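See the structures that follow.
In the two complexes below, chain A is the common chain; its partner is chain B in one and chain C in the other.
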Partner chain A sequence: MIPGGAAKQDMRHRVTGTGMVILRTLLTRLLTTVITLAGVAVIVFFVIRVVPGNPIAMMLPPGATEEDIARLSALYGLDKPLVTQFGIWVAGVLQGDFGTSITTRQPVLDLVLGRLPATLELSIMALVMAVILGGTAALIGTRYRGGRREGAIDVANGMALSVPDFLWGLVLILLFGVLWPVFHISGRVTPSLELPFTTDFYLFESLIRLRFDLWADIVAHMFMPALALAIPLAAIIGQLLKQSLKETMNLDYVTLARTKGYGEARVILREALRNAALPTLTLVGVQFTFLIGGTVIIERLFSYEGLGNMAIDAVVNRDLPLIQGIVLLFALIFTAVNLIVDLLYAVLNPRLRHA
Partner chain B sequence: MDGRSLIRRRAGLRLWLSAGWLMLLGIAALLAPWIAPKDPLAQDLFLGRLPPFWMAGAEPGYWLGTDSLGRDVLSRILHGARVALLVALVAGTITCLIGATLGLLAGFLRGWVDMVISRLIDIWMAFPPVLFSILLIAVLGPGLTSIIIAIVVIDWTRFARVVRAEAMAQGAMDYVASARVAGRGRIGTMVREILPNVLPTVVVLLTLEMGIAVIVEAILSFVNLSISTDDPTWGGMIAEGRTSIHQAWWVLVFPLITLFLTVLSFSQLGEGLKDRFDPVLR
Partner chain C sequence: MVEKFERNAFVRLKANANYWGGKPDFDTVTIKFVPDAAARVAEVESGNSHVTLEMPYEEYDRLKGGPLAGVAAPISDIGMIFLNDIEVMTDPNVRMAAAHAIDKQAIIDRLLSGYGVKIDTLQTPEYDAYDASVSVPYDEAKAVELLAASGFGPDNPVKFKIQTTKGFKPKDYEMIQAIVGLWRKVGIEAEIEVYEIAKHYELRAADQLAPAAFYNWGNSVGDPTTSTGFAMFGPSPHSVWDGEDLIGMIGPLWGEADEAKRIEGWKAVDKYIAENALVIPLLQYVQPILHAPGVVVTPHASGALLPHLMKRA
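Up next, the complex of A and B:
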């Protein structure tokens, strides 16, 4: 599944001790992360400079003179040669200065960091839902394997996989927003509510402050977008976990557990699950980055005030510095997720632990 | 064996249902200017938000109702099918041609050609598709051509990867060696011997890719980055319907059902063909 996976395994086997393995994984991954991010930064910077149409001209009211345009271009540093611009930009980024948004004229870093918590909360909630839904489906499918219930789960999985999150979101809006309006279909929180929050992690902070009224309101807003994002991932988890579970169920140690007189449910939960979960974990990592990518359109669909919604506004408005900042932040999140998954894998893999 | 024949029969049904829907849609799209009951662009504010035919207050001739500007929903769906299928065909075919050719060359010729193409695939895959599309659309600007270019630029690796692996597997088989012994040149062998054998895989991938293209077009027209808002697109209609969902649900529901069935059909057709071509199941 992962290119070079076998080679990586070989390398790991030669090192002894979990600590060393994890340290080594960490260092290699950190290095590749830095290289990837640098690559993304270079590509993003230069690709965006090819944009036809002058973004500066769009900022000014109609009737602005050439002089005005030149002055504003100089202000944003757009009149200098590309390489110089890149140098200035990199120097700025390293000091935490990602430039100024052209449409809102606020620092990109502030804008982007202000929206990041909303997207993180949504993605993590979706991930949790996907694991619960997919895990349950896999467990039920394994428990009743070969039967009608497994068939039903397979059909549901197939459907969930054939249709992307955008369409699930629309279906959910119709079902739980219009036909049976139990959830909110737009926004992150009811605007009339007074928010005592000091951070932008609304869901988390409402729990900490024990404001369950606010928490319920926020969940009612997040439920549908999170579910729409979760459905395709849940199907993938359900399929793969069920497959690994069924393979594990034929192994000797599981048969042994069964001869000890344990019930089928206990055998699955206590014996098989631990070993079957590992391949799924790796896949979930990769798929989670797709899920985060999906927030771009899902946030738009549910008018959820997150990073993705801002990304689309930035593209529509041709707000280059903002697009740059958002793309870089997304790239950072993706690589961070991959890093975490690799580490988890190193920690959890029993073969590596006892090496 | 009983269960297996059952699986095949179900797969067959799935195949025919999805192929049937896509055929129907294709014909409707071709004939849209003649079979659409109304002009898809004609606005009539006196006929705004008419409900579909079975509800009270419906006007004859407006089968699926009208949107807030009084435009006929059915006619717009039919004309929207033209855009959707055009993008599916054009983007799917170009992506397929470029990706499959590169995959075939890499998988069969190996050597430095494979090195270059494989490296390219790796670099491409490292870049998340969503970021890629945001960047491309930002650079290319909105419009159908941009959508098609974006799909081709992002998705060619899907074909290249699979076809490369397939061509490599086929290249190692005896029949290829005997064709070479019989005096066929390298390119001749590739086109005459390998290509027909990877074709089923390519057809499956192409079908799946068309479904992806339809959804990408719908998403981009939903966020208003496709062709101009006046032109009927399913995504544009869904965006309009989303804002008036409590007053006129039909503006959202009918294009959504059409889009849903189309995307589902492309993916079920692809999966069905995959099963059909799969020698294990046959």
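Up next, the complex of A and C:
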């Protein structure tokens, strides 16, 4: 037993230790984030200019002349040397000006920030679904390890992993859109509805405003794309968590818990899960960034008005400023998610806390 | 009237009560933007939407006789092969052989399930400047003969590159594969280069397309200036063939005030283009439209779905 004063001191040490780890992680990651974003900015700017396709050539009306081409090129700064163009763009970005979209003629930042909430809501919903599905599969598989139920879960996991998310999307469209039409196939909200929202976070705002009719409609639109994104991630979570749980279940402290007479379900949930969840947490963080990347195809398939759908249009139309803005924002999200995961890991992992 | 518009999502239209043409059948029409063909078809199958278009012809054939109704009509979009006045394409025998060696009807029947109209000029039958007397028939023997006149044949094929998109238009790549196969039989060895449509625009504006390049041309207004005019007038950035003879023929037509004379002028230009194979028109596309039985859809030649042309059944 630790005396009262010593316990307080130990607690203080723990808090200070955790704080230092978090601060160190934060500073290191902020520095790497800046370097990463700078690298992404350079790569995206120059690479998309090497990729075939001239946005000005795609905008030309039937009666366009050489003078029209020159005028449009000058308007979007595409007549200047590449390095000069890059300098102008970076200077603008540092002041919050990401340029003007060539196709929509609107500020890139407004367009991107307008779509970001839709993609974030979809990704978070998919992540929640993946954690619930994968976590449940892992817990059931661990509880009934060695039995038929674990075998069935392994088969389901294998299937979920071997089919890409866009194919899951098509399967879901067929099942829940055509054969049993309970969810909406396209869009983010029914067009005939009047939306009272002041932000673009429709799902969250409908809850805050207690507009459950709108909330239900938005969920009915998001369900299939979110599930299509969630299924492969759920399989990964399920596999890894089950493996971790099975290893943890053989540790001494778990055996001790059993000898105390705790039931198997309680041992898994109360004793093994916390330790087993740590490696899964890191993986979820990494996979979440892939999930956000996966929204590009899924949003297109379900005509969901998010950043991914906008990215495809931008690429098809060679809307260079918009592509740059979207890629930079995706990079920012990726680094932010990784940072959050690192911080969470530092908080949850006792070995790192006391490092 | 536009009531609400969400970019890349939908546009909601409301009937204009004061419209001179009378009251439409529907007070509100919502057009959802669904880029994926499978999702579009599912929208109509599920009853979420009532009308959709631009699905694969096989899907159209499968669904039109079931719970959905269908209508397929020719539209103003055409498939064509631009010929650039470079390399072997400066030889009229090669150009004409390439044109005569293509069995357009077989391509339409086998690759597009018969959904297409064979054309020999850049005008479709609905246009004022269409001239049914202009014909470039499929003639394998004539193609061989023309190539032989320039010293080419199956044992000594003429070689050039043809560029095409893949998946931008229905069966575009497959069509070019079939054409290359037909060409090979007469003594033309064409190398296929696949590019994105954005690259086509870039190359065309810079006049750097390969000797042959597949493209689809839309002319929703139906006037010859927007088909033959911009596609074939050398100084236009959309044109590929830059021959002075053609520039001389087209130039005066831009300002021609006499309509009958203007149309006759464009017909003469199209005839000249066909006789000299300055471009190879292939087919007029057919637009498949699927709709719920409760709606009657009248197709429009532009390929657009016009709400005022939709009625209740």
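Just a few scattered comments:
Here is the rule we use: the second predicted complex is superposed on the first by the 334 of 355 C-alpha atoms of A that agree within 3 Å, B and C clash if a C-alpha of one lies under 4 Å from a C-alpha of the other, contacts with A are read in each partner's own complex, and residues count from 1 in each chain.
Throughout what follows, a contact is a pair of C-beta atoms (placed from the backbone, for glycine too) under 8 Å apart; a residue touches a chain by one contact, two chains touch by 3 or more.
All values derive from a computational prediction rather than experimental measurement.
In the three-chain model built by superposing on chain A, chain B clashes with chain C.
By the touch criterion defined above, A:301 reaches both chain B and chain C.
By the touch criterion defined above, A:334 lies against chain B but remains apart from chain C after alignment on the C-alpha atoms of chain A.
In the superposed model, A:36 makes contact with chain B only, not with chain C. Once the two complexes are laid over each other on the shared chain, residue contacts for A:293 go to chain B alone; chain C is not touched. Applying the stated contact rule after C-alpha superposition, one finds that A:48 touches chain B and leaves chain C untouched.
Within the superposed three-chain model, A:173 lies in touch with chain B and with chain C [touch as defined at top]. By the touch criterion defined above, A:311 lies against chain B but remains apart from chain C after alignment on the C-alpha atoms of chain A.
Residue contacts after overlaying the shared chain place A:279 against neither chain B nor chain C.
Once chain A of one complex is fitted onto chain A of the other, the partner contacts of A:192 are limited to chain C, with no touch recorded for chain B.
Only one of the chain B stretches 2-10, 38-46, 74-82 or 164-172 carries C-alpha atoms that clash with chain C in the superposed arrangement, namely 38-46. The intersection of chain A residues touching chain B with those touching chain C, taken from the two complexes, comprises 52-53, 170, 173-174, 177-178, 185, 300-301, 312, 316, 318. Those residues of chain A lying in contact with chain C across their complex are 52-58, 60, 62-66, 69, 104, 170, 173-174, 177-178, 181, 184-188, 191-192, 300-303, 305, 309-310, 312-313, 316-318. Note for the complex: chain B touches chain A at residues 122, 126-131, 134-135, 137-139, 141, 215, 218-219, 222-225, 238, 242, 245-246, 249, 252-253, 256, 259-260, 263-264, 267-268, 271. Interface residues of chain A, counted against chain B in their complex, comprise 3, 36, 39-40, 43-44, 47-48, 50-53, 158-159, 161-164, 166-167, 170-171, 173-174, 177-178, 185, 289-290, 293-294, 296-297, 300-301, 311-312, 314-316, 318, 320, 323, 326-327, 330-331, 334. Residues of chain C that touch chain A in their complex: 4, 6-10, 12, 28, 30, 32-36, 38-39, 42-43, 45-48, 195-196, 198-199, 201-202, 204-206, 226, 229-230, 235-238.
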